[in-house]
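You will see chain A twice below: alongside chain B first, and alongside chain C after that.
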Partner chain A sequence: MITAGIDIGSITAKAALVQDGRILGDKVIFTGYNAAAAGKRVYEELLAEIGVTSKDVAKVVATGYGRNAVAFADKTFTEILAHAAGAHYADPRVKTIVDIGGQDSKAISLDDKGKVKNFIMNDKCAAGTGRFLEVMARAMEVNLDEFGSMSLASQAPAKISSICTVFAESEVISLIARGEKRPDIISGIHESIAARISAMLARVGVVEPVMITGGVAKNAGVVAALSKKLGVPIEVSPHAQQNGAIGAAILAAAL
Partner chain B sequence: MTSSNSDFWKTLGIYLFGKAKKLSLAFKKAPTMKELMMVYYAEAKSASLSGRKVAWITSGGPVEPLIAMDVIPVYPENHGAMIGASKMGGGLCEKAEAMGYSNDLCSYARSDIACATVNGGPIGGLPRPDMLVCCNNICGTVLKWYEIQARYFNVPLFILDTPFCHTGYSEEAARYVRAQIDEYITFIEDACHKKYNFDKLTEAGLLSFEAQKLWQAVLDTAASRPAPLSAFDAFYHLALIVTLRGTKEAVSYYQNLLAVMKDRVARGEGVVPGEKYRLLWDNIPIWHRTRWLSNKFASHNACLVADTYTSAWCGVTKYIDENRFMDSMAEAYTRIYLNIGVDEMAKMVLDMIDKYDVDGFVLHSNRSCKPYSFGQLDIQRIVEAERGIPCLMIESDMTDERSFAEGQISTRIDAFMEIIKERKKETR
Partner chain C sequence: MQKTDLINALAEDPHSYLKEIKQKNAAKVIGFVCSYAPEEMILAAGALPVRLLTATENPHRADLHFQSYGCSLARSILDAALAGRLDYLDGVVFPHTCDTIQRLSDIWRINLPQTFFADVVLPVKLTSPAARQYLLDVLQKFRGDLEAKLGAAISDAALQDAIRLYNAIRRNLNRINELRRAHPGLISAKDYSDWVTAAMRMDRAAYLSLLEAFVADREQAAPGHPASRAKKLVLAGGGCTTPDIYGAIEEAGGVVVDDDLCMGTRYYEALADESLAPLPALADRLITRPVCPAKHAGLTRRADDLIARVRRAGADGVIFILLKFCDPHAFDYPYMKEMLDRENIPSLLVEMESDGQAGGQLQTRLETYMEII
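On to the complex of A and B.
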């Protein structure tokens, strides 16, 4: 049986196809302003790439902020459940998940069966999310893809004390003006995210193994800073950005 | 026509409307909340014509001594709730911020301070006070808030200082608060220019005690499955126990309401169709979103069967001795929910979880209300450890609608309900 998961996030829309516990394929596109159109397009493009039609797909589950805009979904689940299912699929031993997406971040704790025990989401603030990193990368004139690796070269991370995206940006600009080294500033940015996320994780309790999912997991600097702050290793989801969509497809198979 | 002349005719109109409405209610068996509140505000707004005094008082302040002297108590916090429910809080808060008040301050305080200067809001502002009564058993903000209003209206202010009760109620605290009750009586005598009527206080005390017991009985009916009323109904019916406790109207209103609820229980009629999940609510309602939240939870077949907020107006009946009302009310007013330690609050929450047999706990982290929100993380931890039920914290504000993010809160509630449904499936 083939099932599909569609995850419409604030920045990107993801689709995944799963057949009997095996990932057939996945796809990521930008969401843009029309979540419904993005959901339809990412699904159709993935079907075409894999060479199956919508008739071959038994069930579709939608998740993410735009989940209710996906008219062709059989059911919707929140991204909490979808990320839990995706992470449990990737590694059944995982007990704690950190998901850092475009506009929110969450800490999820799982029980032995991979069921969600508890979750905490960031408050109404974009600091510590993908959007925060985008703003910072722009201020630093660095490509977001190089952001992570660049920070790993830092010897003395700069101190970013503000927890507000807007104020942190002006703080970064003044650091640039003071002539601080780029890797040190970027490393400081990652440490400030790690501090925020680890406070959230403390509220659900950190039980190993810990896995990171969501688009920001692609940033090696954030992962390193978070691991250092928590004092535990962090496993990066093999399909970090598509993890929610894969989880949704897994949940669809159980409908 | 001069403005004071037009004010007079307006007040006369309100006065006559109130008189006529009250007369018509006398022939009615069970006046509605709306009718009672209309008469209440009409009487308050035309008090200058009937020769009665108006006192503004905090929601947790001792109102019975005012009722006994025929003073009309008016509640800026109840008004704040009305402003919130009318979605006028954001605009009034902006006005207060333009006046120089920080947006970190309580939105009831901001709305009230702004409203007094423009007579805005859903009822065109509150009637001008003749005196202010401030009791700090609910928070510290009220001290500065009432000082500001005392200066603005140039009227006397009485402050009743209730020490925080971390554990128990000390002999020193008892003496300290009791002594202030005597000062309060003198303050009212001075403001009203007449001798105090202690017989009337005994009468108001008995009626207040009766109304509080009835209100508790109404809330208790939600222990039935399905619950005949939800916390959202309680938020509505609460208005009289706040504003008119100590009067006959409140007693008969809650007698009728209790009969209605008992009847619903007998018929097995629930307020949420197909009630499957029962939840407990903590903190002041998000007044501008009660309908949205009610529908949101109902769409998951979930009913908020109880809350820590509305029960605060009947949570201290155990300290009241109806035969020694004046002495015992000092203790009752000091030991209310917001003036006790976190451990005691958590114990009350655990008792409510058991009493109403709830599946989950929803905490509103209220940006405005620091004393209510401060211990919530600890209470949540205690509940998780002691009862193991899922807990959800949502961040918003009671009156300032600018502090509500629908997408985020919607996702949190959906995820919380997914966990509860999963748990119920497993235990079945």
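On to the complex of A and C.
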């Protein structure tokens, strides 16, 4: 049986196709202004790439903030449940998930069966999210893809004390003006995110193994800073950005 | 139902109703800011007591007086008053409960001197033997203040009448709470909230007759009401002026079966003893009513009460709805959550501003919570 998961995030829309527990394929596009159109397009493009039609797909589950805009979904689940299903699929041992998406971040704890026990979500603020990193990368004039690894070369991370994205940006601009080294500033930015995320994780409790999912999991600097801060290794989801869509497809198979 | 329309409309905009009733009945309208106000006394003085609950999106006038990390409800009320939107009030009563209301009272006295103004300085610790005598003195003083400033004598007979009227309202509101507990979904959370809010604003006698009709209507509908499959929830927290969240809870698959809100059971649950003299009856009611976090009535009283509510309703969980920067509730939250955890009662914390909208993030949190409890 083939099932599909559609994850409409604030910045990107993701689709995944799963057949009997095996990932057939996945796709990521920008969400843009129209969440409904993005959901339809990413799904149709993925179907065409894999060479199946919508008739071959038994069930579709939509997730993410735009989940209710996906008219062709059989059911919707929140991204917290979808990421839990996706992480449990990738590694059934996982007990704690950090999901850092474009505009929100979540700490999720799972029981032995992969069921969500507890969760904490950031509160209407972009601090500690992908958007925060985008703003900082722009201020630093560094391509987002290089941004993560660049901080790994830092010997003396700069201190960013503001939690607010807007204030942190002006703090970063002051550091640039003072001539601080780029890797050190970027490393400081990653440490500030790690501090915020680890406080959230403390509230649900950190039980190993810990997995990071969501687009920001692709940023090696954030992962390293968070791992250092928590003092535990962090497993990066093999499909970080598509994890929610894969989880949704897994949930669809159980409908 | 037409009657509910009026109640819903009153929750949206009380100002035009209050201006109209003031003109029609030639009655004075006295605002109050907290459910500890001795409303019976105001009513017995021939005035209409009205709870002030306003939501102002950008309270820039209040910002001149209040820090921006002050409670949004107090800031909104002050802003509305400074903007002249509460000019129809003949006075305001400030029961001393939280620090913010006490500061609001000072700011009001200095900046809005044109209206009648009274502080009701309640005891903080309600369980001590001295509290009752102190409260009797406070009520006696308030009675004198009202009489002097409104130019009306408050007779014992008028107070007894007011107590009886309030008790009748409270009995009916308690019946509504029983009905929603026994038949989840029979009364929507928004309707419930609007009825409780109207109880604090409308002409009380007119309200009682509408309420009695509503209760009778719901009693009749109850036996045929389909069993609800939604998750049964108890709401805990302060004055919730964001009706948006009720719709969001129901959309996420929840149904509210009880609460300990200031705009809920804390307001109406306790009745005054009609066999006592009026002042002791009022004092005893204030001492024994469900307690506010700004008052003390035992170290774990609020959590004990909340757990009892969950058990009694067979609820699946608790949602704490706290106003941002409400210190008394924020101080109580950790111990209450801990006690709920020990009882294996799941809970979710939602912090809101008084004009807060239920956005996508809140919906996601609510939906996930309903799924895991």
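Simple rule for what comes next: the second predicted complex is superposed on the first by the 255 of 255 C-alpha atoms of A that agree within 3 Å, B and C clash if a C-alpha of one lies under 4 Å from a C-alpha of the other, contacts with A are read in each partner's own complex, and residues count from 1 in each chain.
Criterion: a contact is a pair of C-beta atoms (placed from the backbone, for glycine too) under 8 Å apart; a residue touches a chain by one contact, two chains touch by 3 or more.
Just so we're clear, the structure is a prediction, and the values are computed from it rather than from any experiment.
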Partner chain in contact with A:D104 - chain B first, chain C second, else both or neither: both
Touched partner set for A:V216, first chain B, second chain C, both or neither: neither
Which superposed partner A:R203 touches (first chain B, second chain C, both, neither): first
Touched partner set for A:F119, first chain B, second chain C, both or neither: both
Touched partner set for A:L81, first chain B, second chain C, both or neither: both
Chain B and chain C footprints on chain A, overlapping residues: 65, 77-81, 104, 115-119, 121, 123-124
Residues of chain A that touch chain C when the two form their complex: 65, 77-81, 104, 115-119, 121, 123-124
Complex interface listing, chain C residues touching chain A: 351, 359-361, 364-365, 367-368, 371-372
Complex contacts: residues of chain A adjacent to chain B: 65, 77-81, 104, 115-121, 123-124, 203
Contact set on chain B toward chain A in their complex: 377, 384, 390-391, 393, 395, 403, 405, 407-408, 411-412, 414-415, 418-419, 422
